[in-house]
Amino acid sequence: MRCYQCGKCTAGCVLASDMNYPPSYLMRLLQTGTRQNMDKVLASNSIWLCLNCENCLGRCPMEIDIPKMMDYLRTQAIKENKLHPDSKPIIAFHRSFLDSVRNTGRLYEIGLVLSYKFRTFNFLQDLAIAPSMYLKGKLHLLPEKIKDRRSMKRIFAQTIENAKTVNK
Amino acid sequence: MKKLRDRAAELLSQGVVSLVIGYEEGTKRPRPLFCRNSEGAEKLIFDSHCFHNLAVYITKKELVGKERFAVTAPISTLRSIMQLYVENQLSEEKLLVITVDLSGELREFTTFDEIAAYVAQFELKRGEREQEILSKIEGMTREERWKFWMEEMSHCFKCYACRSACPLCYCSKCVVEVNRPQWINPWPAPLANMEWHINRAMHMVGRCTACGACGDACPVGIPVDLITRKMMEDLAPEFGYVPGQPAKQGNALSSWKLDDREQFIR
Amino acid sequence: MSSNTDFEPKIIAFVCNWCTYAGADLTGTSRLKYATNVKIVRFPCTGRIDFLLLLKSFAQGADGVIVSGCHPNDCHYTSGNFHARRRWIAFRSILDLMGVDIRRIQYSWVSAAEGSKWADLVNNTVADIRALGPYAEYQKVADYLEKEGYNEEA
Amino acid sequence: MSKIGVFICHCGENISATVDVERVAREIGGMEGVAHAIDYKYMCSDPGQTFIKEAVKKYGLDGVVVGACSPRMHEPTFRRACAEAGLNPYLCEMANLREHCSWVHEKSEETTEKAIDLVKMMVEKVKKNKPLDSIKVPVTKRALVIGGGIAGIQASLDIANTGHKVILVERDPSIGGHMSQLSETFPTLDCSQCILTPRMVEVAQHPNIKLYTYAELESLEGFIGNFKAKIRLKAKSVNYSTCTGCGACIQKCPVKKIPSEFNAGLGTRTAIYVPFPQAVPNKPVIDRVNCNYYKRGACKICEKTCQVGSIEWDKEDEIITEEVGAVVLATGFDVKGTDFFPEYGYGQYKDVLTGLQFERLASASGPTFGEIRRPSDGAIPKKIVFIACAGSRDPAKGIPYCSKICCMYTAKHAMLYQHKVHDGESTVFYMDIRAGGKNYEEFVRRAIEEDTVNYVRGRVARVYEKNGKLIVKGVDTLLGGEQVEIEADMVVLATAGVANCGSEQLAQKLHVSYDPYHFFAEAHPKLKPVETNTAGIFLAGACQAPKDIPETVGMASGAAVKVAALFSNDELVREPVVAVVNRLAPPLYSTCVGCFMCETACPYNAIEHEEIKGRDGSLIRTIARVNQGLCQGCGTCVAFCRSKSIDIQGYTNEQVYAEVMSLLND
Amino acid sequence: MKIGFYPGCSLTGSSREYNESVVALAKALDIELVEIKDWNCCGATAAHVMNEELSLSLPARIMAMAEEQGLTEVVVPCAACYNRLKVTQHELEDENKRTRVIEILKLPYRGDLKIINVLQMLEAYGAENIKTRVTRPFAHKVACYYGCLLVRPHSILKFDRVEDPQSMDTLIKGIGGTTLDWAFKTECCGAGFSVSRTDLVAKLSGNILKDAADRSAEAVIVACPLCQSNLDMRRGAINKTLKNPIDIPVIYITQAIGLALGIGAKELGLKRHFVTVEL
């Protein structure tokens, strides 16, 4: 890896201070190539907090695609089941999101939130804004569905679900 | 066709050019025609059967003389003309190039830039025959390739038709005629033949436009054009040249890149 | 074929004056030992090495060839080795197409400071060529050429 | 038949210990064409050489092969011996029996046989050798120096002091270059102008130096020892032979708001101007782009002011030709502007400066008379941030190299700032500190330890303005990547040093190669740092790569010595190992067909076009010709020529063919 | 002027007002929007985080459908969708990935669809009409907020300048507004963490709003539903993290221009915002 530890990614990262390891430190851990440090990376919250805002990539003098690397590390962390507690709500949200897309072809926001709440047992969250959202016409009570939902099932079956079975 | 004849006659009668090199009907297929007056122009034809590479004639000083002349050029000939121009063998003042485009319209080129731009629209593709033989060769082991070519080479009797047909073999003294030292033995024998063809392919690196004239000319049917063609296909993308387009920084072998491949070098 | 332990390959090395020739000199001054099979022909630069010479070597009975010059960017003439590298890429590609055994041509960069690399290169190449055996395939045709050729002349 | 003498050396026991030298001599003696073959203890000794000389005369030898050490060792020795005996030295060759044989093999039959083969090979080669004469080229003993910065000044003075004439061409109205813009110099902190201006005056007054300011090289033709340079003298619009340099015109010029190049845009100048007070020559030029008269056809106030009538409105550019024998390129470098950095505000913040601008602020002759003040409001900055590696070592920005001088000048800037603003706080963001050089590391440590400059290891991601402050978002990687945010009053970017604008075009005019960043390329990275691949053209200073003043001056003196060495000869004598295009009787003239592929292959631009014309003057053919002044003898063209029309003397096709065949035919 | 239209999920739900304003503005500028039939979700961050092939297949289906329906140019108002579509198009230039995705989709995919965002649409097809049809100049001092997804990665999107972009500012100036030179134009608002890590969104969006407020912006102008919902819907959470609550509204560029052209607040969906819009 070409990183020479200038730190510019960390300097510009909006969540560096919330991460276990800021991006440049993470790069260094990976650079050592040891299993021990890889485990540290996979079990950190850094890879889950990364928002893929790409500020780091935009400024990196070596043009290292850190966001892409984060994508890879997240997949790897799920595969190896080394998950930082911070990842739970985030994964739950993403899973709920994708479930909705898989079933209807589009995002059903109420369904998403409900499913998310079941996954996290965080039933009280956002109760305050939901009614006003509804009142302002921002929530559909029924999901919008696309016609060709079979193709959605196929896409999911051949990509993410396929990957899961392989991993098992 | 009529347009072409009229235009050729016009060019000749007005004295714009003193010679038009084109095609006329032959016994089996069109053959080259050299017309020096408007009557001769009546015999001109131009269609998809006209693939004989006329560029081979335009470097022959004894033929074209000192006056301006015209050549009717299908796409393969145009590519060769571009390469000859890159090699300082042609001048814009002396040459008028005529072609018939896909819509049947007559097009005249007075500059090489125009030719390059025109040629750029056409992709160089393998024909059925090329595809068939090359994919056969590509599927062989090294030993099989050697046997295949030795068998082919055993038919060669060094008539040098391949050399004569190639527009880019315009040297006044070919390397086989250089005898101090005698690099390549002039007589026909499998190895001398092999050496000749390897040498020919090396001389064509960065130059061959895959017109197929050499293979077409071979009286015993050795697919010699496929040697240079395959070489061109393998090397052109790597060295960054496109047949029929002016080489940007010199010929493929007379230029280089810092990151040229070298994993074969220890 | 490789069991032929008596076989002593004939190998010619085409090297440039400024790097590899000097590197081979250093092998000598360092008293490093290598096989006697390789004989060095000196050229001003790898850019000078004619591909026909390599062909002629095989035709005249060489079993292997070494071509060596300055590392990239070290060429005494700035770019001779770059030109040579291109020529070799093309040459290898054509030879391979024709079925010539390109394993018998070993290309290398040996600098004037790499005396030991030169010794290793020679020894490894000799071992490789010994394993491949004599280049009978090519030499057979070469012999045939001579006979046939003279017959025709006569 | 040839009469070749073969002399086998024992080299004490160095060869004879493993090679049966007697047998070598005996077997070679039986070879066709060998007239005489002996072995001897030390061929290179006086008696050994005498054997050769006597044999040449006695047997009338037409070729000599010495089987001894490497030709890289003793080829000149034996060739000289042959020459003394009346044999053309290029008819003598050496077989390398020591380095390539006796030293690398054990004593054995094979070793001796290899030795015999090696000698045989050279005998076959010598049979094909031809007598050659060394090449002589006359030398014009005048040098052209392009660029009047410290590199050009030093090179000019050094050459001029050896008694040779120098023509110094400078693009700007004054010599001095970047060094004249600097405040103090590291690591001694002596004043740049104080050490430079005496040199500038010396250039102007030196009897051997002809100075052309406001001039540019138009073209260069020819080859080493024999160049013809066309120089464009840009119209100054002021007659320098009458102008007294009183400066009254400058006072009165109404166009006053032009950003001053000398002050890196921080000050202004007039349309008729002298770039700076110590300029050489200290006479003005009119900047026609900004002058009211040239823009709108009216004004001419300077003409009315001028007491001696020196203004020349209608003066046009003039092109002169100078004949020179050598060229020194000293065109220097440039720095990237602040607008090169999106993340630091695209150059829109006035208080984000380049290092060069900071030099002007810190200089006593600068727009603030040496006080560090913000360009935006004139306030003295209490917090200042220096960002090293701004653009340098940044492949994403297209500049992967280290600009080399920034670490040192940034330390100097921080130090100067602390000396001038005692209660100020300075922070340097750096990646590595590169302080290799005499007293350099000590200098940086002094900045950190004595002048309390805060060095933070990490790059800055962003700079933005808020409430009149510049917010610098950086990082301290030594604290595991802790974010550092500083509200600064001024930010100085140590921007990358890049090739001067126009260097690519200049290189093409001169046929000098250049790197991907348009810096001129030296002939060899280690052993020929001041030569270019075009003989007779030398490099000095930062036009080759960014470098500091001592290095530049050293390189300039090096280039000057190369020029002086060249000029110490009336004629250049060169080894005749050059390429030649064959010539034949008409009507062929040559087997060359003029495809000129060799022209693109030649690293030295030695291939010329030769037009062969008939008696009536009509062009028959154009063929290649090798310029023997430029050819260095690599032979790349030879291997490239399809019709074998080019050959290289000393390594001809016949020679190398014979060598290879001798090794195999048995 | 006819142009393809991909609204994306947000625009049919929580960001209906963006959809309404895009449609209303297009109509006012004589641009006919042709919605891609039977479009699906682009997968957003979720697909991208969880599985690469999925993250390519979902946008690829959308583009394949558009190609099939004869569209050549598609405007994508949602910055997240725009980003996913552009990046997918770029990734699928790779032969292997393209073959695999076509295999999954069982649909032909050419990859020559021109994907543009709303700003590009307005620049290319609306600039002239906007100039002549302004009836109520937008005389406000605003902060244009671009967010991440509109400008990064620059090497793929090739839109505007990577730092300190200008296209939205130019549009606002064109309708009589003043734009701020401020620091958070392209900093991240927290994007997809809206639900899962509201705390972080509050912090990041808070920083953004604070800078805009410090420089006395009357509104923040956006072109991304994620940005809008984080800055607007999450205002309660944001204000809890700040010392002084901020009440400046966050409106879409299409709403701002719509207002200047005299389109009604209701038509532009301005009533649907959490932070009251009084402009």
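Labels A, B, C, D and E are assigned to the chains in the order they are written; within every chain, residues are numbered from 1.
As a convention for this text, a contact is a pair of C-beta atoms (placed from the backbone, for glycine too) under 8 Å apart; a residue touches a chain by one contact, two chains touch by 3 or more.
Bear in mind the structure is a predicted one, so any value in this text is a computation, not a measurement.
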Reaching chain C from chain A through chains that touch each other, fewest steps: 2
Contact clusters after notional removal of chain B: one piece
Pair joined by the larger number of C-beta contacts - A-D, D-E: A-D
Identity of the chain that, by mean CA position, is farthest from chain C: E
Chain centre separation (chain B, chain C; CA means) in Å: 33
Chain centre separation in whole Å, for chain E relative to chain B (CA means): 56
Where chain B and chain D are represented by their mean Cα positions, the distance between them in whole Å: 43
Whole-Å separation of chain centres (CA-atom averages), chain C against chain E: 64
Per-residue multi-chain contacts in chain D, two or more chains: 343, 462, 601, 640, 653, 657
Residue numbers of chain A (touch at least two other chains): 55
Touching two or more other chains - residues of chain B: 175, 183, 253-255
Contacting chain pairs - touch in the sense defined above: A-D, A-E, B-C, B-D, C-D, D-E
Sites on chain E touched by chain D in the complex: 161-164, 181, 183, 211, 214-215
Residue ranges of chain C touching chain D (in the complex, touch as defined): 10, 12, 17, 21-22, 24-29, 31-34, 36, 39-45, 47-51, 53, 56-57, 60-62, 73-74, 76-80, 83-84, 87, 119
Residue numbers on chain B that touch chain C, as the complex places them: 137, 140, 142-150, 175, 183-185, 187-192, 194-195, 197-199, 201-202, 205, 227, 230-231, 234-235, 238-239, 252-258, 260-262, 264-266
Chain A-facing residues of chain D, complex: 343, 389, 393-397, 431, 457-462, 473-477, 480-484
Chain D-facing residues of chain B, complex: 87-89, 170-175, 178, 180-181, 183, 203, 249-251, 253-255
